[in-house]
Amino acid sequence: MSSQARGRRAFRFILPALLCMLFVHVIPIFWGAYIAFIDLDIYTITRWMQAPFVGLRNFFTVFSPATDVGVRYLRSIWNVVYFGLVTIPAGYLIGLLVALLLNRKFFGRTLVRGLILLPYITPDSVAYNVWRFIFQARIGIVNKYLLALGLIKEPIIWLVGDRAIYAVMIASVWKGWPFACLVLLAGLQSIPQELYEAAKIDGASSFGLFRFVTFPMLRPVSATLLLLSAIWNFHAFNQFYILLGADPGKAHVPSTFILQEAFTNFHFGQGAAMSVFLTVVVLLMTVVILRVRRRGEEW
Amino acid sequence: MRRSWVLVMVFLWVTLTSVTAMGKGAITFWLMPNAPDETHIPWLEEKAREFETQTGYKVNFEVIGWGEAWQKISVALASQTGPDVFQVGTTWNPQFAATGGLEKLDLAEFGSAEAFMKANYVSTTYKGESYGVPWFAETRCLFYNKDMFAKAGVQPPATYDELKAVGKKIVETFGEGSAIAIAGTNAWDLLHNWAIVLWAYGGDLLTPDNKQAAFNGEAGITAMKWYASLILDGLAAKACAEYNQPQADAAFINGNVAMCFMGPWNIAGIEQENPDLPYDVVEPPAGPVKRASFSGGSNLVILKGSPNKDAAKEWIKFLLTKENLVDYTKNLSHMLPAKIEAFEDPYYDTGVWQVFKKTLGYATAYPPLAVWGDIENAVVREFRNILTAVASGQYSEDTVKLYLDQAAEKVNEALARER
Amino acid sequence: MVRRTLRGILGRVLFGLAIFLVLAGVLIPYLWMVSGSFKTTLEIQSADVLKPELSPRWFPRKFTWENYLRVNRTVRMLDYFRNSIIISVGTMVFSVGISLFAAYALSRFAFSWKRTYTLAVLSTQMFPGISFLIPYFMMFVLIKHYLGLPMQNTYWGMIFTYTSFALPFSILMLRNFLDSIPREIDEQAQIDGCTPTGALFRVILPLAKPGIAAVGIYSFIMAWNEVLFATVLTGRETKTVALGLLEYITAQQARWAGMMAACILVSIPVLVLFSLMQRYIIEGLVAGATKG
């Protein structure tokens, strides 16, 4: 079979998937890039085919610290970065510790492993609504126990204002660490037992074992896991939208902010400009991750 | 193989498009939960049946929460699909009209422009044309707890200065924070609470030509300081700084606080939550310049892309008949009718309704601008900063001016986009 | 010797304690959810952390089934369940069908643009939904306008959207699964006179059942859980459970008890499906995060 014929045959098999990708990802992303250059707002939304081309103006507006949108967009970017800087390492550390615990054999291990997966498989809408209930100022249990322990004098309002982002972080770490744990556990179990035995013969302490065997062996898995988490961090939406509502105020992240600017305030052009930036960032990070993975040479 | 693909495609096409051809002779009506579902839904079902026997048009109604209504409507406007006729808040109407997605209406068909409360009529307009029909009106008045007033030996205040004096007496008797409950950073309608004070002090949100922000002038600063001082002087609880409106309402309805600015819809809440509450309602206090109140409410609008505009208009007329309007406002929504003839009903000359009716007479609507949403958001955001400063003890003499100036800058930025 | 056993016991106690702490951290929110779902709305509303006698409790003061029995009363939860089931099952079917063909081609055929395509599939998984939500929504409007085909607020619109979301992961996972099936099997079938399509259906399909089930369930769960696109693209007729849950809390009323009961009901299908195919989905997910 000629290589052309082979290509055609593969094409027929892949065509439906290709069409889906084309309509849902490719066309919208390029179209979105186009919208970012037109003045699509409240006046033009019903006649948006005629919206005027405005060059880079939308980009200047959303990145300018002098405009209201700009200030809030820059803050939302900072928020999502800050959010990632806290939740990713925290989730990774908890995941690693628990994975080390579960890597031993003990009675009921399967049950425990199943149970810790619960947060991961619980639908976001359920998990974050429950956390929203938990964080309620007057009827929630967080404040109940903080008061009982004497750590606070008055109930804290968690889900509004400056503290809101921390509440979201706590809920997200709770939801996210089991996945890290799962991946690391798989990584741990793929470490050949002989390595440990060899190290023990050399007289390594249990910390030494971790430092010189476990940790280096987990490095490739950890690198991919952390990079993927860093990319997915920019997807953060559900936890903010569900815990804080459609307008998280100071705790906006790009996803919630763009949604609000576009569909509530009719700033579609600016919203698209903000999206384009996000796409570019994610694209760059994907290139990095592919470079890192190249070493594994999967394809 | 290729032929089978084509067949599949054609089949899909036919099945998918055939479904859409249905639904002629029916209109879709979106409205907000203006009354508890238990009474609201049966009423709507009954009226829809009545309308169908009268005109032959079927009405499919859908009750949409206020929280998601804006976004759903904007999606409907952009796609020109969804409802044929729907309810919008008065402050929303000009903005939606600016999108070009609403049908222009001649109010003569629904009576005349003069047949409606002035401020509600204004709220339907955009650049001098009408894009909606006023449905019901509301305004906020001062609710007070008669028992607490009697125990403190005070009378309902007639001016904003008096309100503070009265409040201090109440605080002496009932303790700090017991005088008044006010909305704070969490209230989406924060601006409505302050605007009436601003107007009463002779200020205004924008210059008369609607080109510049005007609320950061002398009157605005005094009015904002007055609002902040309610918390600073202990008349309102510190927690108020973070309240939303229902939280403030609840503090009054539970009987913990002596005063609160609330609307007619709260009366149902009182009857449900605490029917024994000894309350009464007076007009909002007067400022040094005048007495002012905020005009809110809802209008009915028609989607420009609706294929059933005539039926939609008939439905609006049907809802606005004196009988239906009075029934709906009196027995269901506890709002006030926006059509003047409905006030002939003797009900509106009794008790608190008399006060609301009178207050509504001089109520003011916000300027009908396309960028109003941005303006309100900008002011409310800085307003929140002021309240946060108050709550966290960082408030100083300059705080109000600082933030109001910032808000003005952003409002001017938004106004520059108005065409 | 004694010291060693002492250390052993101490170690075990500490170990047990650590496991207990982990489990407590995981399970407390679930206990709170279950407890809330059996409380009366009144009990939750009147709770107050400042007043010891009203402080929220773990055991309902008055135990009630009301929240479950009347789950459809204030929020049309049953309608949302129907919508979610239709959309999720549709997504499952289409995603399995489409990804099976694509994965088979990737696994079995050699063609020049294989690597490029794999990379493209991989990167579509990385884009945040918000980066194409706006134009995607416009596309729906356009399709309706020019082709008369409503997409927004329709089942097929949502199924198409979610199928496309599920595809990248499904394709890559199924490809890995098919790679593990020896090539000789379908080569033999082709020698026996099967076309590639025939080989796929007659020989590979039965062998790939676990992989297919895992992909199907992944797609189902994805569609069941999605929030962002649902907020813009669904309407009354297509609203899913994920959004429906939010309706319990409005500016006027907070029906936490009803919401907790609904939360439990919404979780059940996901938990059941997941535990059915736990092993395969986990393997796939772990591979997705470590290999690709």
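The letters A, B and C name the chains in turn, as written, and every chain counts its residues from 1.
Just so we're on the same page, contacts are C-beta pairs under 8 Å (C-beta built on N, C-alpha and C of every residue); 3 or more make two chains touch, one makes a residue touch a chain.
None of the values given here were measured: they were computed from a predicted structure.
Under the stated contact rule, the graph of chain-to-chain touches is complete, every pair of chains being in contact. Counting C-beta pairs in contact across B-C and across A-B shows that the higher total falls to A-B. Each chain gets a centre from the mean of its Cα atoms; for chain A and chain C, those two points are 16 Å apart. One inter-chain figure worth recording: chain B and chain C are separated by 39 Å, centre to centre, where each centre is the mean of the chain's CA atoms. In whole angstrom, the spacing between the mean C-alpha positions of chain A and chain B is 37. Contact of a single residue of chain C with at least two other chains is seen at positions 138, 231-232. Touching of two or more other chains is recorded for residues 48, 154, 263 of chain A.
Counting only residues that touch two or more partner chains, chain B has 67-68, 71, 75, 78, 80.
Across the complex, chain C is touched by residues 13, 16-17, 20, 33, 37, 62, 65-68, 71-72, 75, 78-82, 188, 244-246 of chain B. Chain C makes touch with chain A in their complex at residues 15, 18-19, 22-23, 25-27, 29-30, 32-33, 36, 44-45, 47-50, 55-56, 97-99, 101-102, 104-106, 109-115, 117-124, 126-136, 138-139, 160-161, 163-165, 167-168, 171, 196, 221, 224-225, 227-228, 231-232, 241-243, 245-246, 249, 256, 259-260, 263, 266-267, 270-271, 274-275, 278, 282, 285-286, 289-292.
Note for the complex: chain A touches chain B at residues 12, 41-43, 45-48, 67-68, 154, 157, 160-161, 245-246, 249, 263-266.
Interface residues of chain A facing chain C in the complex, by the touch rule stated above, are 3, 6-7, 9-11, 13-14, 16-18, 20-21, 23-25, 27-29, 31-32, 34-35, 48, 98, 101, 104, 106, 112, 114-119, 121-127, 129-134, 136-141, 143-144, 147, 154-155, 174, 178-179, 182-183, 186-187, 220-221, 224-225, 228, 231, 234-235, 237-238, 241-242, 254-255, 258-259, 262-263, 268, 271-272, 275-276, 278-279, 282-283, 285-286, 290, 293, 296, 298-299. Residues 1, 67-68, 70-71, 74-75, 77-78, 80, 95, 98-101, 185-186, 239, 242, 304, 370-371, 373-374, 377-378, 384, 388, 410, 413-414, 417, 419 of chain B touch chain A in their complex.
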